[in-house]
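Please go over the structures that come below.
In the two complexes below, chain A is the common chain; its partner is chain B in one and chain C in the other.
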Partner chain A sequence: MVKRYRNNKENEMQRSLSLDPEKCTGCLQCEMACSNEYEGRFNPAHSRIKVFAFHDEGRFVPYTCTQCADAWCRNACPVDAIAIDANTGAKVIVENRCVGCKVCTIACPFGTVNYDHTRGKVMKCDLCGGDPACARACPTGAITWVDADWTGYDRMRQWAEKTDNAAHV
Partner chain B sequence: MGWQKKILRVNLTEGTCTPEPLNMEWANQYLGQRGLATKYLVEEVDPKVDPLSPENKLIFATGPLTGTPASTSARYSVITKGPLTGAVACSNSGGYFGAELKFAGWDMIIFEGRSDKPVYLYINDDDARLLPADELWGKSTWETEKALHRMHQDPQLRVSCIGRAGENQVLYACVVNDLHRAAGRSGVGAVMGSKNLKAIAVRGSQGTQVADPQRFLQVVAEKKRILAENAVTGQGLPTYGTQVLMNIINELGALPTRNAREVQFEGADKVSGEAMHEPRGSEGKPNLVRNQACFGCTIACGRIARIDKEHFTVINKPEYWGASGGLEYENAWSMGPDCGVDDLDAMTYANFICNEQGIDPISFGSTLAAAMELYEAGAITDEHTGGVPLKFGSAEALAKMVEAVANGEGFGKDLGLGSKRLCEKYGKPELSMTVKGQEFPAYDPRGIQGMGLTYATSNRGACHLRSYTVSSEVLGIPEKTDPLVTEGKPALVKAFQDVTAAVDSSGLCLFSTFAWSLEDIQPQIDAACEGEWSLDRLMEMGERIWNLERQFNLAAGIDGSEDRLPKRLVTEPASSGPAKGMVNRLDEMLPEYYQLRGWTPDGVPTPETLQRLGL
Partner chain C sequence: MKYVIVGSGPAGVTAAETLRANDPQGEILLIGDEPGPPYSRMAIPYLLEGSIGEEGTRLRPDRDHFDRLQVALLEARVESLDSEDRLLVLSDGGRVQFDRLLLATGSRPVNPPVEGLDSPLVRHCWTLEDARHIMDHASQGSRVVLLGAGFIGCIIMEALVKRGVRLTVVEAGDRMVPRMMDQVAGHLIERWCIEQGIDVRTSTRINLVEGNEKGLRLQLEPGGDLEADLLVVAAGVVPNTGFLEGSGVTVEQGIRVDARQQTSVPAIYAAGDVCEGVDWDGGHGIHAIQPMAVETARVAALNMAGRETEHVGSMDMNVLDTLGLIATSFGRWQGVEGGDTASLLDERRFRYLKLQFEGERLIGAITLGTTDQVGALRGLIQSRRRLGRWKERLMQDPTRFMEAWAAIAS
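Moving on to the complex of A and B:
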């Protein structure tokens, strides 16, 4: 059996969300699923994952927190309101500690921590505790829940497929 | 739930925005969107009003499934009395606007009166205000959306608006949302223009909820699998869009060509869905960039296309070099085969202009086709057209004339009247391919008999979306019928009309019915809405809506004598293809249809029928 890094939960590999703009059609099922997971409503305005449309290029790009290993948001938080979910590696907002100072939203280089003025707290993706609703809702495979150590390999495989090895190997 | 149970009444004369509770008694009889808004229209508007007067009302309506995770849940409709037809108008659109309106907490907006200055409606959840639109008036739909994003510092605002065609009250102006989705037909954009209402900009953060979330999510997931596994909704539509039909309908000899003089077009393969995938010789890239979904849609049939930068229509016009809404089947037909044009990029350009300025491309293309026949007959000359030869097959004429309609200049003014008024003006009314004043779309009823009855009896004038019997007669959904026979078609048309009225009232897209029957849709409605929504109740509701629309039209003075097809379709036989030698045999179908509907031989619902439906 191949031995590989495992998370502290026995027999469970660490997974990541994999986002593929090529496959995204802009249907926003992910945004509805995400908001429903958090607040029991279908409400894209409060989704932790967002799909951006680049109209003139005909491109739709889903985007959310990449769960940095050494997270800028967590390092910046002055009240230790961002914890690590031991099972998933997700950086999770501890709601009762968050004071809504928004320093994390500035610290995040990708803009994936956002402020919700209706609650006075920040919000971000927490990987739904290990079963992301967005990935389940995506009809095209643009959002998938993959082995974290396999991120990038699909794209590598696509390039490998295009390479004419016979001439060079 | 499903509904937000709140509507916004906007009095443009007084400048007021007033929330009111949704009439749930009516919602229980008419569900939402098409049915429910028609009920409001019938109750509040005298059917005899001038459609472009302040006395007409304009309703933007969502359905209970709009803005939910049910697949194809993007839809909203614009309901009013239509200026092209004088009949009830109900135009359905996708994109993102309808869902956003729902997320802001509103089921419906009713506009009444007329503003004395250009205004737009701004909605941010409960906050709804009329604001001056002086700097938006004269702008295209594309410029308007951009300007509203800038003015409100909110790139996420969803916008539904009119372009210059709506401002100029072109009789087939449409309402455009999200840059290239449109409530397209019957001139609903002209009504918006007549009210000095330029746009609605909406941002919502309240979300939607359903009555039984657990059952709802389970059933919508199950039904999405059906769409994914079906050949039409899972493969055909995402790959080719509705343009998958171009070659099929042409081979069937049911592609109206050169103003429906012929039924097959020699250039069909050059303007087909397949052709949109072919790399262009000039630059090596295809016309099609990708497919796009409307909100919540797991089919994603929308076309995003790009015009070759070197094409004559866009040389030195970089604003048209980017990707935008591409050709769907009906638009491709009207501006292609019906005008004899086989230049895909010229048609794409005309489509861009229609989106940009809010023009219904079906009516525009068909009107231009009539003008081309008038030109050929010498009734229209270069003097009328400002020196543009309106020859069948001329891509240059197509590009010039769509610009002329958009700008309301020269011969564009005549074309903006629609085919019926144009052909009357130039002395050849028989050349107008219209029913009740509305241009018929891309299926020739000589080759698909049921579509003749569909066009003749459609409550909003000729239309394919009121009973799309092409599903059965061509594609075999739910079961195959022979397109060349009339037997059984009255019952088929009635059944499709009633089911469609129910689907159009739910918030879902009619295209879902390529894979879903009403049996698949019913449990989704039932789980989302309070009360029991059985199949029987939905079917009866569909029939009720159909009769309600009919009553509005009868009261407006449009009676059974207008359930007629253009003479050409019933007297001039198809010249080629499987239907060669045939005309449409409407007379064989119409009396039986009236009978099945429970109407008199003159096409008037009997008192018993009305009573049975609770009308």
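Moving on to the complex of A and C:
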């Protein structure tokens, strides 16, 4: 299934990150590109996109922030240190306000805001200001930056519905 | 429509914003009894350690934020509520009428039954005013005693150490953070603190506090006398419900609310630390934590504005940084009868991970010494997803929780 990790500006054609596990070969170019973008060197530990390998099934799943319409991380922040990028709709850490309390890391139910011990701040996907490095780096088209003509609250809604179906994995 | 909110902490402020987003016309009044612009208690440790100034504690940095939203702020203390006439009485005698009311008065710190806690060098660490007082008295070399090694105690420890004080921690219980951590993690945190040079005294009571503006003498049992320049009391909090006496609003531990955050009286809602609401797994309880303050406030405000919304239920979740050792706990981390437990412990490296299951579901977790992707634990627990084959895999290797979530959610 193709996942679209979009932004949430309503009534406006915006672009979103589309992740397609079917096409992912687990080469980790995206993790390299993301960490390079973040700290100017290759360090997958600081990549904000992660590829999970399910070797038994020969499956790779690229995974990052869904840029929730109503973002749990942003709502939980005690000092308003997570802003919305007006261009992309991305939820972006404002580093000079973040106190490093880590509450967003437990509030985000997707595990996609993480604490950076070296900076004492948190890090998350910011869609690179509108030109995501992971999508540029992906050689197979598993990660693409596509036009989104939908406002997509579905993933949030799906989560909130507490769906109770067994995990078929 | 006139909306009135009592309490301008994170719950009150979030509710005001949500009301405005859903009702552009309504009149919104936010009443709070603390001076200055709305701030966040959670920012206090960072103020104490000097990494931010008071400006950085503000809930909303933009000075015009409330004006722009046309939310009126009133600094006043609410003394009582007349539910029938929909009227609040203020301590200065003023009266405020409302159509819909939100009670978001938070909680306040309590004292253990120890004689002498009214001395001027004894302070809670709960408000900005407390923080200023602590900063005045906790400086390089001063002898500071912290009474209570719970969540708040632990979270301000680093700030006190960074101020250069000589710190003694006195805790009546047998371990640190008993309400958030199990035995194993509590003892590891204690050992960590001792290794960082903190004088930690668990299973110890303070029997008597004597002193004046110049200094304090504490009588410990066991342990004898201890001299101090400041005693910080962090021994728990209770909801601020006193002003509701005779109002008809049902108060048990906190203000009882339904899944729409409505109290026993129609048109009156409650959110945040002060409310006792529905839990994620069917029970009822108080969750005096920031993320739940905000989430309950959103639900309350949506309902107040006429958008029927039910809360999925509150869940305990905490992240605690004790002098650099980071711990989290989620949901029913204590486990349940008949449930299964998977855990991994590396005492030497202060690492610990424990997962609690009920049938095929994850219901609680504790982590120590790792912060990677911990939010996924919330997702796995609160979504109540069945784990299927991942249950067994997690029993074998609990560190694979993020993989499990990626597999299940993708």
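Observations on the structure shown:
To be clear about the criterion, the second predicted complex is superposed on the first by the 136 of 169 C-alpha atoms of A that agree within 3 Å, B and C clash if a C-alpha of one lies under 4 Å from a C-alpha of the other, contacts with A are read in each partner's own complex, and residues count from 1 in each chain.
FYI, a residue touches a chain if its C-beta (ideal position, glycine included) is under 8 Å from a C-beta of that chain, and two chains touch if they have at least 3 such contacts.
Computed from a predicted model, the values in this text were never measured in an experiment.
Contact with chain C, but none with chain B, is seen for A:112 once the two complexes are overlaid on the shared chain. Contacts of A:78 after superposition: chain C is touched, whereas chain B is not reached.
Of the two partner chains placed by superposition, only chain C is touched by A:102; chain B is not. Taking chain A as the reference chain, the count of touched residues is higher for C when chain B and chain C are set side by side.
Applying the stated contact rule after C-alpha superposition, one finds that A:39 touches chain B and leaves chain C untouched. In the overlay built on the shared chain, the residue A:139 is in contact with chain B alone; chain C does not reach it.
When the two complexes are overlaid on their common chain A, residue A:130 makes contact with neither chain B nor chain C. Common to the chain B-facing and chain C-facing surfaces of chain A is no residue whatsoever.
Of all residues in chain B, only 67-69, 71, 96, 99, 103, 179, 203-209, 213, 224, 228, 238, 289-298, 300, 304, 306, 322-324 touch chain A in the complex they form. Of all residues in chain A, only 25-29, 32-33, 35-36, 39-46, 55-60, 118, 137, 139-140 touch chain B in the complex they form.
Residue ranges on chain A touching chain C, taken from their complex, read 1, 3, 21, 50, 52, 54, 61, 63, 72, 75-76, 78-80, 97, 99-103, 105-115, 117, 159-160, 162-169. On chain C, the positions that touch chain A within their shared complex are 10, 14, 40-43, 46, 51-52, 56-61, 290-291, 294-295, 298, 312, 317-319, 321, 326, 328, 330, 360, 371-379, 382-390, 402-403, 405-410.
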